[in-house]
Amino acid sequence: MKFLIALINGLSAGGTYAIIALGYTMVYGIAKMLNFAHGDVIMAGGYMMFVTLTLLGHPLWAVAAAVVFCVVLGIVIERFAYRPLRGASPLAVLITAIGVSSLLQSLAQILFGSATKMPVKLQISGAFKIGSFDIAYSTLITLAVTVVVMAVLTLFVNYSKTGRAMIAVSEDRDAALLMGINTNAIITITFAIGSALAAIAGYLMLCKAPSLSTTLGAMPGIKAFTAAVIGGIGSIPGAMVGGILLGVIESLSYSVPALAPYTDAVEFAILIIVLLVKPSGILGKMRREKV
Amino acid sequence: MKKTAMKVLALVMCALLAATAFVGCGANKADTYVIGMSGPLTGAAAVYGVAVKNSAQMAVDEINAAGGLDGVMFTLEAFDDQHDATKVATNYAAMVDKGMVVSLGCVTTNPGLEFTELSAEDNVFFITPSASANAIVYAGTEDEPEDLYTNGYQMCFADGNQGTVAADYVNTLDYTSIGIFYKSDDPYSKGIYDAFKATLKESIATVEASFVGDGLDFTTQIELLKDCKFIFMPIYYTPASAFMTQAKDKVAADAIYYGCDGFDGIESAEGFDITAIPQEISMLSHFNSKATEGAAAEYIKKYTEKFGAETLNQFGASAYDCVYAIYNAMKEAKAEGKDIAPGMDASELCEILKAKFNGGFTYSGNTGDNITWESTGYVNKTAIAFVIKEANA
Amino acid sequence: MDKKAVFNFLKRYLSYIIIAAVALFYTVMSLTGSAKTADLYLLEKIAIAIILAVSLGMVVGFLGELSLGHAGFMCVGAYLGGKVSVILEPVLGNSFPTLLISIIVGGLVAALAGVVIGLPALRLRGDYLAIVTLAFGEIARSLFMNAPEALFGGTTGLKSPRFDKNSLFIVAFAFVLITIAVTQNLLHSKHGRAVTSIRDNEIAARAMGIDVTKYKLLVFMISSFFAGVAGVLFSYSNSRIQSASFDYNYSIEILVMVVLGGIGSINGSIVAATLITFLNVKLQTMLTGDLAVLQNLFYALILIVIVIYKNAPALKTFREKYNFKNFMALFRKKYPIKIRRFSDYGRRKNNQHL
């Protein structure tokens, strides 16, 4: 019984990780870079929700505003911080991403201060009762959103023209360019989608736990990134599998008192084990290096 | 490129050499009594550091306005450590540079442990308003008494003491099972938790949940604790308010949240609607932030007029008391004929103050009446069991 | 000796001379009792920062891999070296031998951790080392904090002896010199050339018969060793080792030093580590409130601008015209000696790898 509840909570936490991980994995697949600032886009979206909520008062507006804001933010970051470095070494791009992450955090701290904000209006309370145990609505919403996002994204990537162009760019950027695909536009779209997902993930986090601080996205970001690597970075189903797996492990670990303090260590240890056994991740493909 | 880098290297090193060497000349001989302190003035714990700094400054200003100590003024030198222990050594050195003779130590525990060590080497007297770990003022245990830090005193209850008092209180209630929610990577929370567990009756079963880091999503922990009627929460108010908000309709409405002094200020946490929480919220404290009479009420009035209610908390109240306790002890010692003068050796003043604090000095202020200290540095005063919010009927 | 010989001598040993001079100057100051405690702390911090930056620079600049867990190796070194010093203190006292033994033990254990972590990660191409070291840093922190209190002090940290503050900085600077010497000599050796060839073109290096994994592991191990040494020095400079000090942000701060100093330049790392530590410490006691946050904002901006300036393909011509070297050349006409940086050898034309 306890196990079942922990499992359901884990699925819900994992759903959020999965949605964040999708952002990492898509950007990695198409732009071949680790977007370390992804977690902080979540945080930025959270503050946008907080501001809109204070001004307009309805959560729906807040979520819409956050999605728009994050999309714009994602595009701006890509345009000014990452695009100039296209073709430069991956190390340079990675360091810039770290710089952007730290820039966003300090900006938020200057604008909003370091005290935790509580946008309680975003919270969804109440629970759905089945027999003797109940599942919180927020958990159900997270699970539903995760399934919908997953389905829509899979359909979009596999069947729409833009989606297929994305696959082409991720397979071979130069060849895609020769086939008349505007690779820059595709990369921009990828960042836009990733950032929109970040905003949605931010909402899912805040509807469960309405506490907002400048480090909101930092740890979930790193963990979701871990999830993306566990599932196989660059693979969309991989991000889902990795996210859910990590969420369930986290939840189970927290519910065993003796193991609870080690939760972070357990999660990162699983990453190292997976990399040892299957370096490309659970669902990842190993790419052959071409000379 | 290499050569240019070398030139810069040479320039920088020479500049550093020159800069530090010149600054080195002017040792500060102060003509006031300098009180040093280090606390988180920025960062996530800033609300505590700012409260301490404001209150201590307020007390210093009042003392000075009343003529100081026989005409000699006090100065407060406050430095920012951002709740980071590695920044304390620099701050400590800066205080010494400013001519510190006595100190309020650190505001928070982690940096405070470093401060204890540094000040013990120089034998500088400090009384901390809020760094509450046992090890801040005393290194020994019951089996192995060891008094390395004779120079340190606390105005707040030591963590072990809070845990014991809280457990004694819970032992008197007739629960067969209680919940505990703590932060396992925080010495404050872990310290109280350990002492609480050690004192709690064996007949009371415990359900435990813990968390680490800055994350504030407590879904899993709430699942574990939701059937408990009494939840002991030795944590700070930010995670506590997050927990209560998330658990408001999962935990039974007649349950009681019971915290320690970390709960202080929870009702004014930004965006936290305490009236929306159906459960009772109580805490063990030494300061009643809703006091309407006595020293505490007067302090609250003065503080809110000057700095607003945002940073009003027991950390500040305690700091205000610390400054006055130092002042009173110095005044009494001087009246007894002890040689106290500005610019004196901090170690000499420390011996004088230690003799006072270990020799039955009592102080009454806004965090308690007839406060005395043990020679270990722990404080003796009455804890207030303070109901922040009653259960919604 | 002709001028060229003098120049060559200076080129190789100037950093040693300057660092030794600074250390010597302050040794005299501290012997005569005129050095301020604050300056001695600052020197300790600078020395630790230089060791960390130079050793991380080996991985980032000469291996071309990114490590985000340098503070994790430092943590391992600090805790285990600190534990050794706690054990040895009753026997040997808080003396130089104790210090030396704990530094060596701390360094070796960190090097061992480097091998254990590097072995799986360095076999793979791509950004795996960054991910695995990041994970390692978090695991190390969590394990040390949750270890039994009697062993590593739990949440309040491990209480370890502090070394005499009037002489710790001398030891620290001695290790700075050792770090620089080892790094420079390694890079000018046969092994060093093998390492740079891996960075510049791994496939070509492999084709030349270079054991890529072995060399990568060697460099990573040495880098971890010095991170561990810095950790032990850190434990001696602070009275308690608290795992909270070694978080991910600390690793990033070291990385910032390496990047600002110029990836691949040892002297650059030394300058940047010195400057950043100096500014951090001086600003800490001067800035309060929001200004302290502005400092982080500026670091982030400078990091982004420098990386884009140095690496953006579109800025290549701009970079070749307006750079520091040409600027300095305005002041130098006498010795137009072409200095070839080590990393110039075999660099690919399109600048694909750093």
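Note that the chains are named A, B and C in the order they appear, and that numbering of residues resets to 1 at the start of each chain.
Definition applied: contacts are C-beta pairs under 8 Å (C-beta built on N, C-alpha and C of every residue); 3 or more make two chains touch, one makes a residue touch a chain.
What you see is a predicted model, and the numbers here were worked out from it, not measured in a lab.
Trainee: Which word fits the touch map of the chains here: line, ring, star, complete or other?
Mentor: Contact map by chain: complete.
Trainee: By mean C-alpha position, what chain is farthest away from chain C?
Mentor: Looking at centroid distances, B is the chain farthest away.
Trainee: Taking the mean of the CA coordinates per chain, how far is chain B from chain C in Å?
Mentor: Between these chains, centre-to-centre, one finds 36 Å.
Trainee: For chain A and chain C, what's the span in angstrom between their mean Cα positions?
Mentor: Chain centroid spacing, chain A to chain C, equals 32 Å.
Trainee: Can you tell me which residues of chain B touch two or more of the remaining chains?
Mentor: Expected reply: 42, 184-185, 212.
Trainee: Where does chain C touch two or more other chains at once, residue-wise?
Mentor: As it turns out, chain C has residues touching two or more other chains at 142, 145-146, 290, 293.
Trainee: What are the residue numbers in chain A that touch two or more other chains?
Mentor: 261, 264
Trainee: Okay, in this complex, where on chain C does chain B touch?
Mentor: Residue list for chain C touching chain B: 10-11, 14-15, 18-19, 21-22, 25, 29, 34-39, 41-42, 45, 142, 145-146, 154-157, 162, 237-240, 242, 244-245, 262, 265, 267-268, 270-271, 274-275, 278, 281, 284-285, 287-290, 292-293, 324-325, 328, 339, 341.
Trainee: Give the list of chain A residues in touch with chain C in this complex.
Mentor: 34, 81, 84-92, 94-96, 98-100, 102-103, 105-107, 109-110, 222, 225-226, 229, 261-262, 264-265, 268-269, 271-272, 275-276, 279, 289, 291
Trainee: Can you list the chain A residues touching chain B in their complex?
Mentor: Residues of chain A touching chain B: 2, 5-6, 9-10, 12-13, 114-120, 123, 125-127, 136, 139, 205, 208-211, 213, 215, 218-220, 250-251, 254-255, 257, 260-261, 263-264.
Trainee: Can you name the residues of chain C that touch chain A in the complex?
Mentor: For this pair, the touching residues of chain C are 60, 64-66, 117, 120-121, 123-128, 130-132, 134-136, 138-139, 142-143, 145-146, 203, 248, 252, 255, 259, 263, 290, 293-294, 296-297, 299-301, 303-304, 307-308, 310-315, 350-354.
Trainee: Report the residues of chain B in contact with chain A in the complex, numbered from low to high.
Mentor: 42-44, 46-47, 184-185, 208-221, 223-224, 238, 241-242, 245-246, 248-250, 269-273, 276
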